[in-house]
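Each of the next two complexes has subunit A plus one more chain, namely subunit B in the first and subunit C in the second.
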Partner chain A sequence: MRHAAIIGTGQTKHTKAHDDMNQAELVRQAATRALSDAGITFREVDAVVLANMELFEGRALPEMWVGAGAGGYLKPAIKIATGGTSGTSAAIAGYHQCASGLFDIVLVVGWEKHSEGATQTGMAMVDPLWDRNVASGAVGNFALSISQYVAERGVTPAQAAQVAVKARRNAAKNPYAHLQMPDLTVEQVLRSPMLADPVHRLDMCPQSDGACALVYAAQGIAEKLCARPAWVRAAVTRHDQPYIGDLDRRLVTMRTLRDAARAAYHQVGIVEPRKQIDVAEIYEPVSYAELAWYEALGFCAEGKAGELIDEGVTEMNGELPVNPSGGVLSSNPVGASGVLRVAEAAMQVMGRAGAHQIADARVALATGYGVYAWSDVMILGADT
Partner chain B sequence: MSYTHNMSLTHSASQVNTFLPPISILGVGRTIYAPQPGTAIAELVYHAVQAALNDAGLTMREVDARVTASVDLWDGLTASNVAITEVVGAVMQPEARVAGDGLLAACHAVTSICAGAYRTVLVVAHCKATMSAPRALSNWTFDPIYQQPLGLDDFSAAALQASVLGSLAPPSHAPLADGAAAIILSTAAAPLTIRGMGWALDEHYLGDRDLTDSIALRAAAQRAFALAGIADAKRELECAELSDHFDYQRALWARALGLDDFPKLNMSGGLDRGAPPFVAGLDCLIEIVLRLRETPGLGLAHGCWGPAGQGQAVMVVGR
Partner chain C sequence: MTELLKISHTMHLEWRYGVGASFHEFIAALRARAQLLGRRCPSCQRVYLPPRPVCGNCYVELRDWVEVRDTGTVRAFTIVHTPIIDPTTGARRPSPYTMALIQLDGADTTLNHYLEASDPTKLRIGMRVRAVWRAPRTGLLGDISHFTELTDE
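On to the complex of A and B.
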């Protein structure tokens, strides 16, 4: 049992179709960039943790082929696959491996190449007896839960659209982001085609090809390799019921995120998240979800998420900037999306986020969201 | 500690543990291994988990986290651990899901416990191999550019490996069955403890591999033996259970482990007992646990997954 920190991150450009790279090459590029950022090579990596949702590309055990791209040859390598939380769960798994005392340096790489698969078909491969006949993928099931959320909380389509605008405007500062739209307006979001009421196309995340990697080092090594490591302060996972109909008003309660955040805050000593967290990278597959997550994460009181976005609290220059990278709404290679949240949070703490850097970020929150309502929460800090 | 013989670390190697803290195996449970078309995945897992909890004398409340092992394409489900959330007790609780063999999930669970994240972890593996199409599915394991178009699958890869080992007959595959297995690991003191573990990935391209050997298994075993303080596996082990998915693999894995002619190898009869893919390695561990409960000593469990054993895992337990 020992402390561990992120000392390097790397990612590919996220885009609609990476015709220039296969899956192994995407992974290779992200991994080499992360190692280069950490100032080490594949030789120094003791273990590898991969994240990918293989059904989206229709491959079986893709790490067999792709693993070598992450330098996994003759190394301890495992793959974590938990839907949307694959990347954050892999980040937590890599943290555990490094903190275990068994491995000094652990490389985590997540990737997805949606352009080579049929994601909607993959997402419909749910329980064959009860859920598959009504399976509607992310858009359909979110529309259902968003309708409940809107009815109860009264957030407006314009407030949700403002989240989408914020994300794509921030993404314009992130050279790796997929959807960079610096001049997007609320009106344009509201005029974009309706996918499933009330979700407009620009309210929804894209499907991207891309990969993201991060490097953990154990205490004693991290400080030598990195001037300002991003220490893991908390890592919490909560899963929930397998049937969407069994989840009580999913976005209103979002009990997994609420509970995981509460546990993580307790570990770190956070009692006023809005004041004590400097920046957050949260997994928001749809604009409305970000508003719901604000409440679950305690950024605002129940029912006040609309006001939070109206007041600009979560903008780049606000009190608690949320997703300066552009978030999942701007780049979404699913197996990498969770790794991206953690990597972007780490970049903020390390002071390496470039044009989307939040000044003096010392405490950063990263979350993962997957399946119907699974959550991961990690807190990174400049101090151990 | 370096994993491969030619790797020299630039940072301080003394940071890495050379032994495992005490982690016990409190209980084991499994279903029968047979075609079970009328039993859903969740029901199989329920029986294995309840058996493990009963064996350990625990209730689900005393389990802090779970690590499950399954592979989506074999289950025809996306994130196939969704099917078992309730029966592994993961509602509002931590779970990690490893896509690979159950013994690898057990190894990962040990790292989480060593990290101080959890005290008691349930490890579960499941597969309904009779409902899957292993030939078609395993073709999709091969890289799409060079190997997949050749029509390679786990069975033809095994035939290639058997032929380079000198066998003229096609290899015989262990019976495909349905089932689930579960074990409970804990920091609570108990007679059986985990002494060593290791896992590794081999080269993917069969043409680039020496198929007459398994250097990934050697790398995994080197790590496991170093942690367990084993210098001469053949003399120091009481028993070993290897995942012989194909008949020729028993001798191949034994040699890579330094266990040629080891008398107490696969006393269970090996995977002819029917443990399905991805369950097999965890079931080997269960066999070892049951044997060590009768006869104290050190036992070795082995699991492998992927074409011709590309993925390899080893765990050493002792009483």
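On to the complex of A and C.
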């Protein structure tokens, strides 16, 4: 494997309904912006990787947008659909294609238009013999696991609400974010309607329309095209058993994320994640999940996630800022959400994050979460 | 800016699903005898419900059937307030309702199902519950209407 780096990123505005663009137009806007950021045109792109969960739009063959949307005419292209991890899995696949020597420049584009379908019902279209007739969509499934996490770890609704407040406050600095709420308070989160105990509406991610793209270039090309590329230091995927009932206390144990992080940290030589990682963009579909991921990622000792948010460690000005972009809690076009985590991590390392830039970010972590317990972890760095 | 047109489209489709050898046995026992059959891994001894051809942890073939009881212990629960379009009916599912992950006696996995308690304030992790069955049975998990408190232990 040779080194490969992200040399450009681009995204659309994320919003409740992009009635101004169809899927191809959305893909094209993100792809064009990423290519422009990289200082190249679609002619230089050797291969394209797409990420989309077509069931949510009720539109088959989303890979048809690869030509008119992503400039992939007569080029190799693949599509990846692994639920929430679609975007990070596509980012990892694009990295593999580039680092393996197969292609020199690879474009990754993820998108979703949740406004066009019935996402929660789409998510509930699981095994018709087993859990379909009791499926409760993302909120119900998470709330079940959260009840176990809260019982064992004792985190409070106010601590979870603080995660939601942090996300929407950070999002106010990100012009592309969907939910920008600079003045949101913990009380407002706790007063928002209860979706499924203990998850309030403002604890949960939105359903957004949006797209995000990024461009990889191989070592030897990346340095020529980009003054400060975001080098991929680690890229790890882990999966678990099929049914939610197979996973022993999912949020407490989260063995896929723990194992992926352990492997990625080992590759990079990270032994103290809180000190050695400058910024993290993690896939938190619900406030409580961010607290659980703090433990799984080794940001704090087990049971100390509530203290971490209380002490402001993961705020923009904290020791380890988490989701300066506003994260999934602020923008969630599912096929794009994982690409967004990686792109936002890259923007931090490249110094291109604008108003939500973390000063001197040299090592950035990005994670993906999908299906019941699929995890992706990537680490990007200013150095190879 | 001009507001662009939007159109609605709907689909009414029928699907079929080849259930596979493990579910075939499970469905037959459920329909004939209201019996819940799991499968035990010969390597790690874990009992899986629903049954499946291999243990995902050990990757060895599962051949041994184990009867799992219709009583169990609540391992997680939530009261769902948000409405969802039920994928099995296409209709809005009435809310609120209580969901639980229930570890049936004899199984190592948990079952995601409805829980109805006489007093919602008494819901807790660790509470003992039993299945309430529908008649006639069709061989689907919906043959269990819901779980309720087990009071006669």
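We take it that the second predicted complex is superposed on the first by the 381 of 384 C-alpha atoms of A that agree within 3 Å, B and C clash if a C-alpha of one lies under 4 Å from a C-alpha of the other, contacts with A are read in each partner's own complex, and residues count from 1 in each chain.
Following the convention adopted for this analysis, a contact is a pair of C-beta atoms (placed from the backbone, for glycine too) under 8 Å apart; a residue touches a chain by one contact, two chains touch by 3 or more.
Everything numeric in this text was worked out from a predicted model, so none of it was measured.
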Which of subunit B and subunit C A:M125 touches, first, second, both or neither: both
Partner chain(s) touched by A:D104 [first = subunit B, second = subunit C, both, neither]: first
Partner chain in contact with A:G58 - subunit B first, subunit C second, else both or neither: both
Touched partner set for A:G67, first subunit B, second subunit C, both or neither: first
Partner, of subunit C and subunit B, that touches more residues belonging to subunit A: B
Partner chain(s) touched by A:G318 [first = subunit B, second = subunit C, both, neither]: neither
Partner chain(s) touched by A:P242 [first = subunit B, second = subunit C, both, neither]: both
Touched partner set for A:H96, first subunit B, second subunit C, both or neither: first
Subunit B versus subunit C as contact partner of A:V134, first or second or both or neither: second
Touching partner for A:G83 - first (subunit B), second (subunit C), both, neither: first
Common interface positions of subunit A, toward subunit B and toward subunit C: 58, 124-125, 127-129, 240-242
In the complex, subunit A residues that touch subunit B: 1, 22, 24, 40, 43-44, 46, 53-56, 58-65, 67-68, 72-83, 89, 92-93, 95-105, 122-129, 217-218, 220-221, 224-225, 235-242, 255-256, 259, 370-371
Complex contact set, residues of subunit A against subunit C: 19-20, 58, 118, 120-121, 124-125, 127-137, 139-141, 143-148, 151, 193-199, 240-246, 249
Touching residues on subunit B, where the partner in the complex is subunit A: 3-4, 7-13, 15-17, 20, 40, 65, 71-74, 76-79, 81-83, 85-86, 90-100, 104, 107-108, 110-112, 114-117, 137-138, 140-145, 198-204, 215-216, 219-220, 223, 305-307, 310-311
Subunit C residues touching subunit A - in the complex, by the definition given at the top: 1, 3-4, 6, 9, 11, 15, 17, 19, 23, 27, 48-50, 52, 56-57, 75-82, 84-88, 99-101, 109-114, 125, 140-142
